[in-house]
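So, here's a batch of structures to check.
One chain, chain A, appears in both complexes that follow, with chain B as partner in the first and chain C in the second.
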Partner chain A sequence: MYRLSQSLTDAFSRRFSRTVREDYRQDEAYASTPQGRFWLAVAIVGLLLLPLLLPQYPMFVATQILVAALAGLGLHLLVGGAGQISLGQAAFVGIGAYTSSHLSGDLAPLGILAGGLVAALIGVVLGIPSLRIKGAYLAIATLAFQFLADYIFKRWTDFTGGVAGRKLPAEGTMLGLSLADDRVIFYLGLFFAIPMFFYAKRLLSTRAGRAWFAVRDNDLSAQLSGVDLVRSKLTAFALSAFYGGIAGGILMHLIGAVTPENFVLSFSIQYLAIVIVGGAGTVLGAVLGAFFIVLIPEVLSVIAGAFGPQYVAQLSAWRSVAFGVLILLFLILEPRGLVGLWGRIRDYFRTWPLPY
Partner chain B sequence: MDFALVIQTALNGLANGALYAVIAAGFVLVYRATSVVNFAIAEFMLIGAYLTYTMSLFFPLLLAILLALPLAFLFGVLVERGFVRPLLGRNVVAVIMATIGLASTLDGTALILWGPDQKAMGAADVAQLPKEVPNLAFSLGGVFLSSKAVWSLLLALPLALLLVGGLKYSRYGVLLRAVSESETAALAMGINAPRVVAIAWGISAVMATVGGAFLAGAAGGGGPGHHLVLLGLIVFPVAILGGFDSVPGAVVAGLLIGLIEAFSQLYLESLLPGITQAIPFLIVLLVLLFRPYGLLGQHRIERV
Partner chain C sequence: MARVLLEAQDLHLSFRGVKALVGVRFSVSEGDLFAVIGPNGAGKTSLLNVLSGLYRPQQGRVVFLGEDLAGQSPQARVRKGLGRTFQNLELFRGMTVLDNVKLGAELAVGGYTDLAPKAVQEWKIRRHAEEVLDYLHLSPYRHAPAGALPYGLQKRVEVARALAGRPKLLLLDEPMAGLSLEEKQDLARFLLDARREWGVTLVLVEHDLKAVLELSTGVLVMSYGEVLYQGAPAGVRENPRVAEAYLGRSA
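Right, the complex of A and B next:
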């Protein structure tokens, strides 16, 4: 009798639940249900077709979202994954941008990759203090790093062009395609972003990711269960910086120039906002968060434009208010972010009209 | 080397350092009471300085500062009630994020309310009231001190020392130390811990207001502007150098960083322009790497 009821419940949960996974292979799959696989395919095809459907300016915004999602995802691996806080993500984006600005034209993809690698190297260096300090101290150490990076961006004129920054040649081409075209940049971004998103998704559900979660929840007990703390923390910092650096390279090509004001503290806070608003712990969260955070200024500027020019001047102030309030609201009301909110809405309708 | 110039630089550095000390002492007080790192401390300064400025439109400057203090206290208590208490018991990262969110919000709000231009403190149109504070500038044997520096030394240093003394000897200071030691035990002993914590936030906001108003140039020379936010970030180097959980440490470190800044401005700036802003953060990294408990902090930082 018990056997029967067990097999019945098993069959039932396999049929109706998305969450029952029976072995690690299912756990590590990109999408665990046929429905999930379908939507994943639709999303990728949609992304590839997007530049054919949208005009220039929306493509610019879409590429911005891509960049923000990549940098946010990197920070997300560090904060949501390994539980190490960083206020220096914008600095890594900057390092990637400056490095890749030295290799443009046909070498652009190589330059972006080099930017990511240099950022990762510096990320390991920044990770070293994290072996000794954590929590608030680490936040302040990364804050200090952010300021020092800003200082170097502005002063090391040979490499960074100083306060004026560096400009790319306006007529740059890559394999015969104009780098001034935002659609080309979008494809260039996708070329890096899609594998990196799949990699992050896979990483978080395999051994390395589980080790990070263990470190996040309690580093002492993680060490006791055999997690190599030094290795997991340093790889978390390096990967996070790598994602930031790649995002920086794409951003540099999108803007066509690189100036220090794109890599200041407020952008680090913006990337943190992406992580929180999106929801810590999932890759989807970084995408949703980036959507939200990049679209806010766009929506605000439309609203401000409708109200009158005196509001347009205050746009950046309204933007910081919006970011701040969003961070606070999500932290207090919905700590799992947009992903959690979506899950709650879905559960509500799935059981409607009998919620019990 | 010009001896008088060295003395003058040292005194000016100490004057600025005294302001850093006041702000950092309030910041550390909150950390001791609640173990919350207030990343919005620079915005507390900004709001305090703007409150003082708004008051100075109607009252003489010294009175304006005094009137701004209760408002700042209320502001600090409101922040604690509204944003910190709902997050009690959540992990450190969440609380840090919340104060960062608060900082961003306050930053934008101040910009919207008061505009991006630098205000001139006390320079309004009501000519009848004596607007400026008495001019205390003096020069002695080649050493010239501006009125602003003298006022900072006269007001901020005693205030910082008062906080240190109060924490050690006053009844309220003992209560606060009890709460910071163990909130549960303090509650069991009948201490109204939530009130103590709220008052600590209030005091922190008051200290930030005094520091902010003077850094903004309440005693002559400029007024509050948005650059204060960047000035305010110096609090973190000061607190780290001082030991993060030590109020006396914050005072000593504040004076020290003021001195370092003044001398680097004098000697290093010509070699490496802009280095003065970077040095405090270099100090942070060095201290955290080699002596994470700072000058006077307790040696109990968790090793990983």
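Right, the complex of A and C next:
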């Protein structure tokens, strides 16, 4: 018995010693421990291999998650980072989608980038009211922007195709690859998403992130610590819109068309839900939140389908109720979101089987 | 005589009818530990707010390093080396202690364009921040959210954040209010050390008369926005006007 406990404790100290950081440089890195680096590599390789393992429809859902995660991450920089509430993220996704729909085929990546940039530019304009108004009032201002954007999407037919929207050529190709293939779109999405996730993580842990958190926590004190309020708020709005715009471009290619109903208020609220359910404050939260928000309806409809086709219509109403209840439960039971839950699970297993 | 760092020239500030500052003038030389004392509502905090640019005086000038600060924003003044801490804690409660101090350290180390993070610069900021944390005995708490710490430590974090920016002059608004005796002594020691090591000139508003008279090199006594006394700490107790303001007329 003594032997056993001794070997357990030894194994334990070895495990911990691997997580010791020896200088500040290591502490600042993306993944500061060998284990962290290992899992990060596994995650990236897994993402790259995913399209080879899954059939079309799951890839469609996976790409949806990717889009939601990217748009959610953008909003997360703004809401969780700089503390500015926005109800207009779907509008930026829309701006990105419409802009990139004008550049398809071989130019698709360029079109997506252009969508992001146009969205960022308009994001700066939306950021200007935030210099004077805060909290709920700002949320109303962004809500007004959301409705305005929706109106323009429907009326500016030359650019947006009006209510009918714009449709991409069905046999569009990029560098010889079919853009109708969801796997290609997934890779196209990853091409943008992976660098953008690293960039966001970096920003949040360096100067820009500190300035945003400072503005969020206490803007008076931020000023007296030398933070440029105007610059911080506007960069947060611009980046948030940029991420939304890129997500919009990818979404447009995924659907193969662009119509106004993909960018209405309920989607803005959905993106906000991703931030809240995921847990404000970390990049991982946006990913987990997107998984949750996109997958739960899918899972619920699979469950509904399992009861038999005659129940599907009846249960689809209950699906929304179940979805709402799940989000509510989340907010009550785990206010720090999925990230907090994950942290607790990790801490449990880190010290398992000797919790003290 | 050391050179004059900060000079207030005939400052007047009033809110509607209330006169917060009436012709306040004083100067602080390099290396001073200058204390501002006075009863509640004497205008001490208003004075600091005018100095750091949160209030605009109706009349008078603030001269820092020989330059008139009129029209300069608070953050511009901070970047010039005019640091500030608050009476009621104004920490970034959701940020870790380390991030709080790093934010201050950017002022001393020099930042970079915020959208293009530079690792080398970031490590410099980190090293600088760690040095300050170490100095103020805050290293064990570096990854704790600032808002979760006990009050005395939060006060110390706020001082650390301000000191990390290596201000030439630091305005401290009641840094010792609400602290226990030991915490006060610790803080006083930290401040004196910072002044000696880093050459930070200190201006502090304080209620604790004993601490002020022991620590400071110069004292300004205010009451109802007016200056009652300015000079060496030894003279404060003898001054009849100060005794009147503090203890009442019959004394």
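Convention: the second predicted complex is superposed on the first by the 297 of 356 C-alpha atoms of A that agree within 3 Å, B and C clash if a C-alpha of one lies under 4 Å from a C-alpha of the other, contacts with A are read in each partner's own complex, and residues count from 1 in each chain.
By definition in this document, a contact is a pair of C-beta atoms (placed from the backbone, for glycine too) under 8 Å apart; a residue touches a chain by one contact, two chains touch by 3 or more.
Not measured: the values here are computed from a predicted model.
**Q** So in the superposed three-chain picture, is A:85 touching just chain B, just chain C, both, or none of them (first/second/both/neither)?
**A** first
**Q** Just checking: does A:213 make contact with chain B only, chain C only, both, or neither of them? Give me first, second, both or neither.
**A** Touch partner of A:213: chain C, not chain B.
**Q** Spot which of chain B and chain C makes contact with more residues of chain A, would you?
**A** When the residues of chain A touched by each partner are counted, B comes out ahead.
**Q** Could you look at A:302 and tell me whether it touches chain B, chain C, both or neither (first, second, both, neither)?
**A** A:302 sits against neither chain B nor chain C.
**Q** Would you check which partner chain A:4 touches, where first means chain B only, second means chain C only, and both and neither mean what they say?
**A** It touches nothing on chain B or chain C.
**Q** Just checking: does A:320 make contact with chain B only, chain C only, both, or neither of them? Give me first, second, both or neither.
**A** A:320 sits against chain B, while chain C stays out of touch.
**Q** When the two structures are overlaid on chain A, which partner does A:225 contact: first (chain B), second (chain C), both, or neither?
**A** So A:225 only meets chain C here.
**Q** In the overlay, answer first, second, both or neither for which of chain B and chain C A:52 touches.
**A** neither
**Q** Common interface residues of chain A with chain B and chain C?
**A** The answer is residues 229 of chain A.
**Q** Show which residues of chain A lie in contact with chain B when the two form their complex.
**A** For chain A paired with chain B, touching residues are 79, 83, 85, 87, 128-137, 139-141, 143-145, 147-148, 151, 154-155, 219, 229, 233, 266, 269, 272-273, 276, 314, 316-328, 331-332, 335.
**Q** For chain A, which residues count as touching chain C in their complex?
**A** 24-25, 27-28, 202-203, 206-208, 210-211, 213-214, 216-218, 220-229, 231-232, 235, 239, 281
**Q** Please give the residue numbers of chain C that touch chain A in the complex, ascending.
**A** Touch residues, chain C against chain A: 52, 54, 73-75, 78-79, 84, 86, 90-95, 99, 102-104, 106-107, 111-112, 114-115, 117, 119, 122-123, 125-127, 130, 161, 165.
**Q** Where on chain B does chain A make contact in their complex?
**A** Those residues of chain B that touch chain A are 31, 37, 39, 83, 86-87, 90, 92-94, 96-98, 100-109, 111-112, 116, 233, 236-237, 240, 244, 272-275, 277-278, 281-282, 284-285, 288-289, 292, 301-304.
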